[in-house]
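Two complexes follow with subunit A in common, the first pairing it with subunit B and the second with subunit C.
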Partner chain A sequence: MYRLCFIVICMFTLLSAKTVYGEEIVVHKHLQQAIDGANDGDVLIIKQGVYKGPITIDKSIRFIAEPGVVIDGEGSEYVVVIRASHVHVEGMTIRQSGYGRGAGVFIKESSHVTLKNVRIEDTHYGVYVESGMHINIVNNVIQGRDVHFAQRGNGIHLLKTKHVAIRDNHISRVQDGIYLDWAKQTVMKKNEIIASRYAIHLMYAEGGIAKENVMTENINGIMMMMSKQFTIERNTIAKQLDYRGYGVLIYDSEHVVMHNNTLRHNNTALSLQNARQCEIRGNEFINNYRALHSLYENKDAIVVENQFLGNMEDALIQGAPIVFDDGEKGNYWDTYRFYDWNDDGIGDAPHRIRSMYSRLLQRWPSVQFYFQSPALALLDTTESFFAQAQAQGEDRFPLMDIPDRQNERKKWSWKLLLFGSILLLSSLTMLEYGRRKIK
Partner chain B sequence: MNTAMKYQWMVMIRSKWLVSFAVLFALLSSAVIAGSGHEATGGFTRSTAALLNLSLLLVPLVSLLAGSLFIAGEKEDGRLALIQTYPISIRSLTLGLYVGSCISLWTVIAFGYGSASIVLFMTGGTWSTFFFLSFVLTIILTSIFLAIALWIGLIASNRLQALGVSLFVWAFFVLFYEFIVLALLSVAPKQWTILLFGLSIILNPVELMRVWTVAAMKSSTLFGPQLYEWSTWAESTSGQFTFAVIACIWVIVPLLFMNVWMKRGKHHA
Partner chain C sequence: MKKIASLLFLCFLVACSGENAYEPKEINPDIDVCVVCNMGIAAEQYATEAILKDGTVYTFDDIGCMMEWMNQQNDDDIAKLYVRDVTNGEWVELEQAVYVYNATYWTPMSYGVVSFANEQNAKAYMEKEGQGQLWTYEQLKQHRWGFEQ
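So, the complex of A and B:
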């Protein structure tokens, strides 16, 4: 009897579950009509073809495209508008929004919306989310228009949102890759953002994390303004080489944690400008023109266990001094010139950050023309031996070894060997030939 | 030209002094390259800047000393007067002496860059177009300073005078020049900045090579926001072409002077 009751309950549950997911409707043409005729919970399967936009999704439906589906806005302001919760959009190409505020996908006052495997091209904004919650933007490709970035919109624009997850997207040629305006608890993970103005731009953002993203060849990698409680972790931020290029710029923000990022070959890798209670720990600063820039007062900012390798200038401190150690450990500087006789892993003398060039630069900005020129480099080196008192900053516990050194095996560069061998052999031949001829 | 070239090349390459410089340059550039490693990106970095600075400091010095002392020596010992009696035109003689000296010094530079590349290869470094660019530009720098050096050697009355003048010219171009320009910048009106920088590049081959290398590597954002438009031009084809033309002028003008000087000398003789 009990068993029979159980089976009846199970069957009832299964049957009712089907009604929750709704009907599966195959759509060949007239998308908007299909949406208007659908009920909450329906699944719309869109067959291959080019469909005319704009469309508005105002029901809780799953909107799944088969390969080869294109929704063309033909210049209308938005191409796809979502004004309902529990919406899932997957797999199509969205193109041709209008200019101004136009967007490929516009999500307003919605929650639990997923946008997945969508390609957005030739639109002003890629995805514009206004007052949304629990939105997932996953594995999309967003490519802006081929115009100057001042005329482009942002890749993903969040305005007054909460709990938005942005993962595995590839964003290029937009104004700002991901723009957060009054956005709370945003998770940005494994996105790739290239050739834009700022890769990630935060304004009045609160909470959230940027993790394992790759940001290259933008003007700035992460531009953070008036934001708080944000974590930047294990990102690769490289080749922001514009003359105003910053890997990360933190302005007037607080409680920012930057851990284990790689900042490689940027104009300025990290700039702190009135950044309060920030922790910069375990990052690699490699081959930047300038690794760290500190302006104004960065209260309680702590910079420890970072590696400074091959940077032309380690730090420029233009405001109040900042702390380069936590009282026990400092950072690894490849420009550190002292020894560790007591073998405790900490250099015996403090590492003083100073640069004749930096001081000249503050008075005459055009001195930058002579950055690393022979005479100034010579002057800088000479000065570093004598002018101990003029340090701009100090690491009292410089590390002698690179923390958590990654044993990445480099490939042999055969081109280098070939180049070297050709030069060596030809020069030796010339030397020998010249000498033999004399005899 | 051929005879004079071979003569000059063999005399110079036989010099122990030049061979020791080859070894010194190779050692220094290898040390610089190995010591400042971490070369994983293609652009202009600290190790490339260090190698470039080494070239900019040493190459003009050696070119000036080698070129001027050899010619002054030849003149002092009377061998130059002897060569001038050969049935070759003054122009061929000038060119021959110049090309001969160039080949000798290029050999030395090639030896230095070759060794540095091998050392970098062994320390696990990566290839960068910088090596090729820097090598080519160093070769050009050598050529420019050799032209100046030969002229100095010719006008100097003896080796000691040639040495003094060469050292002064080297110190002026490499060490003092930047500070003079900086001093001028600090007093000149702001709108003169670009003009002053432009002139400073034209008037000093060391500056020319430094700026050319950075621009050729598309890294001139290094020069800062004030020179943004200028940097964009410098990286463009017309900018690169202009640099090449200025370099040619720096080779041709001293050689012309030398030619005129030799002619006058021959007539006097």
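So, the complex of A and C:
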């Protein structure tokens, strides 16, 4: 009986419990005074209006704005400074930081900070985090100044951070959308980054993932330098069309996994430059000027089960050879011209990366005018017979169909076979029936 | 005839002087890319340049990239090497510049070495940053180049 009573009391306590915050304070003016007067755990509700910055949050408070709240830095270095842990900032517009090192939001040596539904405009850096951990930057809009990218700051800049999550943000017109400098275990998911220099720039980053982001119309999509143990998965990286534009450039980095991304309409979709132990698998390279570029020695890098469709140039290998298969499967190349007589889904002859066209393109870029012309087809075919020794690389197990479609084709082939058999059987039955009737 | 000859001689002199001057070229952030790391040069005041005797100009985004590039070059091909004073962007020859080093300094590739036209600017920078070591070119040459944290 006692045990039952105890359980009932516990359940009642649990059901009636709710998150306990401190006092709820409604703020109409003088933000800094309100913060100074608040205690840890208080919730500050900011009423509509334009407030003068800068402000410094040095307490564990929730700072929630009603619609129409603007904090204007009026050119001061930072607009909102956070120097405490367990801080939640939500819902306002932050604008007009200073130049140089100025930022809309500056978070220093803090942990468990959330920045949500905030609009940051006309600032040098959008959000600058220095030595922070467990920071969430979610669903914000960051729009840089309308000046040349060399004069802009980064959208979100992380310096020596750990466990930062950057999700669902829209970043445009900044120098680099998200800049990671000695940042560890950063998660970047479902962000949209456009019209900037580099969408994501990693310098000495370690661990972490970039997943389902959309990066378009920047100079580079992902610029990875001296970083390691990083995953790039299911991103859409398109229209990096600047003459020096790259979808993804991996420079002097190791243990990078790049899976199931779509890279289309880029100048160069992927460049590997001293990328060690990297796995490039299951990506779509579609309609790029050049799909893959390999420079220096990319030790133990593997490029497998990718699709190369409609690229002006599939690959340019300028350093050591690169591995295009895992011993069983290679990649799908729409330029592959041989057959699969034994129907195992793998082409009967290796796919050689054509070199003559690449060399011509490098020397005379205007040669691209002849792309897919009969003259080039003739050159390719001639080269495939004679230039084995000059091939830049080869895929020993080229796929005969796009990896996803392969299973689908098998599934459909069974259905078609069944349908055909039924049709044949019914025709024969009808013929036999007709023949007997005539008799 | 004399006039034409003098004009030709003048043109010859101008052409010769232009070729041998090996002046640094202005950085264009829309075009210039570091030849070592491929990064676009956005922080122009940290850019460096190497000019070969045939007039080819190579740009670098960080002095560390240029030093790495120099290790793989034939010194006889190099005509001039330039760095910039980060405070005002003035071009200075590599050997005549003054350097300040600290592992925590921000530079585009985090080599932590910053260049100046004179000691006064270098000291002012160190004072502003609160740390750093003053180096001459000889000390710079002894440095073991690597990325700093």
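Definition applied: the second predicted complex is superposed on the first by the 356 of 439 C-alpha atoms of A that agree within 3 Å, B and C clash if a C-alpha of one lies under 4 Å from a C-alpha of the other, contacts with A are read in each partner's own complex, and residues count from 1 in each chain.
Simple rule for what comes next: a residue touches a chain if its C-beta (ideal position, glycine included) is under 8 Å from a C-beta of that chain, and two chains touch if they have at least 3 such contacts.
Computed from a predicted structure; not experimentally measured.
Q: First (subunit B), second (subunit C), both or neither: which does A:251 touch?
A: Only subunit C; A:251 stays clear of subunit B.
Q: Is A:150 touching the first partner subunit B, the second partner subunit C, both, or neither of them?
A: Once the two structures are laid over each other on A, A:150 reaches subunit C alone.
Q: In the superposed arrangement, does A:48 touch subunit B (first), subunit C (second), both or neither?
A: neither
Q: With both complexes overlaid on chain A, does A:381 touch subunit B (first), subunit C (second), both or neither?
A: neither
Q: Is A:175 contacted by the first partner subunit B, the second partner subunit C, both or neither?
A: second
Q: Does subunit B (first) or subunit C (second) touch A:427, or do both, or does neither?
A: In the superposition, A:427 contacts subunit B only.
Q: Figure out whether A:309 sits in contact with subunit B (first) or subunit C (second), or with both, or with neither.
A: Once the two structures are laid over each other on A, A:309 reaches subunit B alone.
Q: Name the chain, either subunit B or subunit C, that contacts more residues of subunit A.
A: B
Q: Considering only the touch criterion stated at the top, classify A:33 as touching first (subunit B), second (subunit C), both, or neither.
A: neither
Q: Quick check on the output: what are the common subunit A residues between the subunit B footprint and the subunit C footprint?
A: Shared contact residues on subunit A: 244.
Q: Which of the residues in subunit C end up touching subunit A in this complex?
A: On the subunit C side, the touching residues are 29-30, 33, 37-40, 42-44, 109-110, 147, 149.
Q: Which stretch or stretches of subunit B touch subunit A in the complex?
A: Subunit B residues touching subunit A: 6, 9-10, 13-14, 19, 22, 36-41, 43, 45-47, 49-50, 53, 56-57, 103-104, 107-108, 110-111, 113-118, 120-121, 124-127, 131-132, 135, 174-179, 182, 185-186, 193, 197, 206, 210, 219, 221-228, 231.
Q: Once bound in the complex, which stretches of subunit A touch subunit C?
A: Against subunit C, subunit A makes touches at 148-150, 175, 181-182, 197, 203-204, 219, 223, 225-226, 244, 246, 249, 251-252, 271, 273.
Q: What does subunit A use to touch subunit B in their complex?
A: Counting only subunit A, the residues touching subunit B are 238-239, 241-245, 264-265, 267, 286-287, 289, 309-312, 334, 360, 364-378, 410, 412-413, 415-417, 419-428, 430-431, 434-435, 437-438.
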